[in-house]
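The following pair of complexes shares a single chain, subunit A, combined with subunit B in the former and subunit C in the latter.
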Partner chain A sequence: MSTTTEPAAEAAPVKTGPGAHPPPGGRNRGKRQTVAVQQMAGWLFSTPFLVLFAVFMALPIVATLVMSFTDFGLRNVTDPFSAEFIGFENYTKLLDDEKFLKALFNTAYFVVVGVPLTVGLGLFVAVLLNNGIDRARTFFRVGFYAPVVTSIVAIAVVWRFVLDPSDGLIAGLASEVGLTSPDFLGSEALAMPSLIVMAVWRNLGTVMVLFIAGLQAIPPDVREAARLDGASTWQEFRRITVPLLRPTMLYTTVITTIGYLNVFEEPFVMTQGGPSDSTLTVSLSMYREGFNFFHMGYASAMAYVLFVVIMAITVLQLRLLKDNTK
Partner chain B sequence: MHRTARTTSAAIALTVAAGITACGSSGGEGVAADKKQTLTVWAMGVEGEKLAEVAKVYEEANPHITAKVTPIGWDVAHQKLVSAAAAGTLPDITQMGSSFMGEFVELGVLEPVDTKTFKKDAFFPAAWEQGVADGETYGVPWYVETRVLYYRTDLAKKAGITKAPTTWPELQQAASDFQDKAGTKWGISLQPAGLDAVHSWYPFLYSAGGSIVSDGKAAMDSPETVRALKEYGTYFAKGLAKKSFQPGYEVLTDFNSGDVPMFYSGPWTMTGINDNYPDLKGKWAIAKVPADKSSSSMAGGSSLVISKDSEHKEAATEFLSYLTDTEGQKDWFKRSGDLPANTSAWDSGELANDANFKIFREQMETAQSWPVLPQWTEISSKADDAISQVTQGKASAEDAAKKAQSEIEGLVE
Partner chain C sequence: MSAARTTTPPPSAPTGPQDPKGPGWSGPRKGGGVPTSRGGRLRKPGVYVLLSVGLLVMVAPFLWMGLSAFKTDRDLTANPPVWIPTEWTLEHFGELLDRLDIPLYFFNSLTVAVLVTASNLVFCSMLGYALAKLRFGGRNKVFALVLGALMVPGNLMLLPLFVLMSKLQLIDSYAGLVLPFAAQAFGVFLMRQFMQSIPDELLEAARIDGAREWYIFWRIAMPLVKPALATLSILIFLGSWNNFVWPLIATNDPEKYTLPVALATFATDPNQSAGSNGMLMVGSLLIILPVLLVFIVLQRHFTQGLATTGMK
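This part shows the complex of A and B:
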């Protein structure tokens, strides 16, 4: 990176790394000036990012926080200054909001069941693909990864066909053997598990790819040494593969958890939160409050509750999983 | 800290104002109608594309006007309009769906309609009502839609049904006859739950003489409304209609296969059947909504509004007159198939002579529109909840109505 631009290249001697080279062309400028140029260049190159970050990330984050303490509603859209500060009222209202509590519960359900399934299956598939099938490896990798890059709308069409109780794929198979298919998305008990299966299928590919990368980073001589010592496949997996994959496992668990805590698309396209709010998630109810009903202040409070929950769980996961690696 | 009736401090001012730019400039004097000028127009979906054709025709007759029509997708329309309203960049003329109207009146970005130019009695009453809020008119009716009963005549013959059902008991009888005698999977398709389930329920609600909000007060627990909820629920309790709900369900597939012999829908479905299921030709018909107290359906459609900030109000008004007078409306029907909101446009040609359009016109005369309220989406979502409670058998019509009533009371001041 440091050799692509002239100011950065000139600045190289300032660094005292082992790879430092003398300045090209032997031009002599004061050290101080070089530092200044370097700094300016640094700021110059970061400016686009900083501006974009400020406008599209930092500002909305702060605005949302401020909004969550106001009664910001529809009429404030054209007149934002007339919104009133109401302190923690939005937050206390959330505690009494049956729908929100249900959404919290549903989201927790989604995470608790969905994350272990996604990470576990992702690891399983990755190990299989890394070791087992030789010829068709690429084919299967693409197959498992395809859902990741497919539009959710297309996925919804396919899954509705699979799950449709009257003429869907499962219903068809069931009737072959003389059974009737349950109404997966129409039943309060089955709707959420159905969405979880769909989400696992959809996110498996990402996790799998990360695990495959992790598996391939394990030096083959470690395995060879284990095998020479007479380790069984299972022992090799437990004692070599799993410990060396810990960083990947930590990473996939954290990102999958964050993704599932934010789950929105699956219930939005498949059930709209129904039946009877059994698939209403925090993000979906936030969307409704904010963009359907224009309770921007209230929706912002929801967003911050979700933010704090995600933060807490992530910190917890990092602690728990990281300590184990030592 | 609690409810201190103060305008917010510098923090929100800074953060919010930076995101949402200063509100609309105050329009100034405005440009006279006969001056050379450009009108900006936003219209949704296919209508946006068709309107661009009309604009070309208009430009030829009025060379001093350039009408720039921008089509916007229905799926993004709401957010786009709200952001434009917030930024003060709404176009001179905007198409407005009947469910958006309340919000934009509340935002104070619409210019009241000049009722000398646009006469109330030229339009269907329900269409006109869609633009009226707090006694002031904000929208000129552009096109209308209402829901009627679609049914399969060939299956009706099998089921021994000799004429279209005209009352509630006849409708329910027909539904069970279709199921028992013609072997259809369901008797009728009604939306059991989910967003906008109310649309499917309106023909029952209005025919029973009920409403969700009446004279600015919640009316969910009125005897008429409860009666409509109860009747709606029986179709699900008896297994005549499918209890589970799929977002994006396409009824025509099941209508074609014969699984569903009846459903309520609007005029676009005639085109939908003719285009996609030509084999159904001669096997289906439409009828007015079966009556309880009366046969009354819901009225929907779109209006056209002028922005308060527009500098071209005079020219915009002239363009709107062109679009909504008798000739303009006939022309629009030919191009788009949308039903004219102007009643005199119905008096000749296909609209006057076609049996199906006659049914739509009759239905439109008594159709009702929901009140124009800023919180309408939220209010109707409470009715959606009540409907799903009843159709899923989780609450009686009385209890569901009572719950919705108390929630809606909190929303209408």
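This part shows the complex of A and C:
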């Protein structure tokens, strides 16, 4: 520990500007006092956050890692330190666990289909709102953003009702044109696509708002210049809007991917992972192993596998998208 | 910009649409000075149609839910579906209130959300102020910690957090529901961004006058970032109101359920909720309606906060 803290303490006063090179003269003492006061105040102001962070975040993050190498079970909830170290056993077990592999596959499916749809549609709506509309812009923005601010539980309840094969909204509309509605959530092939559609519907607004902010940061004269040069709408979009929106695209893609890799609530409330585990995701299987069966060591290993995957994909995305801008 | 200039036709070039007197001239334009290029801007009626269709898809589930809460069972199962209830009824409201102690769950959700919001307002502002306006050794490290905390998925903490709360005997308590969310990294980030806009001279002047840091923070900085505080309270309150996973784990006793946990438990229990679509619609309406109303009134704050931090 001392090796990491010492350089910080040494380096700090040099970095802190005014105090580092005290000007000669009478005002020096006052300034230095301010620096000392700020030094202390800074740490005092940080304390509440740091304490809460240490207890409810840092400690659990480390504890999950430790637990993943143990046989942590129900009895260890009351007696955590009696859990036994079993090395990588949980991790090797994961490799043979067909359910977990299926959950990994399902999560990947959700991300690979869901992220491009969400980001693409979000961009599309943002461009429409930013280009063609001056009246009713707020009205549309509120409408598209509404699903973001509402409770997933309420949304899931409504969507279950909408998708219900016997008296749901879609079933009713289908029967009016002489079709029968498939059992969306009861079908192995359709359950996951249904959840993806729902997730896209729910998260579109977030992406849209970020893109609107990005679009509004593009200086209008750049567009005007393109227009004067006779660029078509499509050319303007391809050559001006898209390159200048790269940072926003990178950002929305990364946060949507992270969110979708963690997907839990949709399958939990809509399908409980079924039918036949077709909507079982990594987070859901971690929840089940941990809180239904109390295989908490095993569940911790799942949590860490997911965490590593998320980190790896995030780093990869940042690399790929950054290189593209050069 | 220079690239744009080189491709612009020189003034002596053959007349184009830009030349007011040339053959391309077709009278004064109505809007602005920018001529419509070939291909034109996006056509407005088309844009409106596209957006309206999209909007309809976005709000249809809400409309369906809102209207279904007032339908009789006959309308609920009608085929083809009935949008407007043929007969308006409050029977499902009564039914749901009989089955679930909605006022209690409402109270639980509200209490937790208010506590979480209050503590974040204080703690996130404090650290946000320190990171933006106080020069102290280790500031960059604390900020790096905040950024790091933003990136860690919440699911990673659930298992030990549950064990910890069990050991502290905080399962089924408000403290257990509030503490893990009492100081959120995204709030710190948001407050830091806004605190940075306060001019240093103002704080410096107060310091020269002998004001203490706490006084400067509380009496000078905080009043100046009121809009940010509004944004933060809305985002945190809403996040807490809608929070589902942690309350689900941290409560076993139905007495301490929050509204979403109570409704989800009811909805996923086939013994209870079979054939109770009406009740579920009422329950969803009760969860969504308060936030939807607040959101519609204060929507600018939502989108501002999101644009600043990228967090929901």
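The working rule: the second predicted complex is superposed on the first by the 293 of 326 C-alpha atoms of A that agree within 3 Å, B and C clash if a C-alpha of one lies under 4 Å from a C-alpha of the other, contacts with A are read in each partner's own complex, and residues count from 1 in each chain.
The rule we apply is simple: a residue touches a chain if its C-beta (ideal position, glycine included) is under 8 Å from a C-beta of that chain, and two chains touch if they have at least 3 such contacts.
The structure displayed is predicted, hence computed values, not measured ones.
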Simultaneous placement of subunit C and subunit B on subunit A, clash or fit: clash
Partner touching more residues of subunit A, whether subunit B or subunit C: C
Touched partner set for A:G114, first subunit B, second subunit C, both or neither: neither
Touching partner for A:E224 - first (subunit B), second (subunit C), both, neither: second
Partner chain(s) touched by A:T78 [first = subunit B, second = subunit C, both, neither]: both
Which superposed partner A:A63 touches (first subunit B, second subunit C, both, neither): both
First (subunit B), second (subunit C), both or neither touched by A:P275: first
Touched partner set for A:G122, first subunit B, second subunit C, both or neither: neither
Subunit B versus subunit C as contact partner of A:N292, first or second or both or neither: first
Interface residues of subunit A shared between complexes with subunit B and subunit C: 59-60, 63, 67, 77-78, 80, 156, 160, 164, 166, 269, 272, 291
In the complex, subunit B residues that touch subunit A: 1-9, 11-13, 15-20, 23-24, 78-79, 82, 85-86, 88, 103, 106-109, 185, 193-195, 243-248, 259, 374-375, 377-378, 381, 388-389, 392, 394
Complex contact set, residues of subunit A against subunit C: 8-9, 11-13, 15-19, 34-35, 37-43, 45-46, 48-50, 52-53, 55-57, 59-61, 63-64, 67, 76-78, 80, 125, 128-129, 131-133, 138, 140-162, 164, 166-169, 171-173, 175-176, 201, 204, 206, 209-210, 212-213, 221-222, 224-234, 251, 255, 258, 261-262, 264-265, 268-269, 272, 283, 286-287, 290-291, 296, 299-300, 303-304, 306-307, 310, 314
Subunit C - residues contacting subunit A, complex: 1, 4-5, 7-8, 18, 34-35, 37-44, 46-48, 50-51, 54-55, 57-62, 64-65, 68, 76-81, 122-124, 126-127, 129-130, 134-142, 145-146, 149, 151-164, 166-167, 179-180, 182-183, 185, 188, 207, 213-214, 217, 238, 241-242, 244-245, 249, 259-261, 263-264, 267-268, 277, 280-281, 283-285, 287-288, 291-292, 295-296, 299, 302-303, 306-307, 310, 312
In the complex with subunit B, residue positions of subunit A that touch it: 59-60, 62-63, 66-67, 70, 74-75, 77-87, 89, 156, 160, 164-166, 183, 185-187, 269-272, 274-276, 288, 291-294
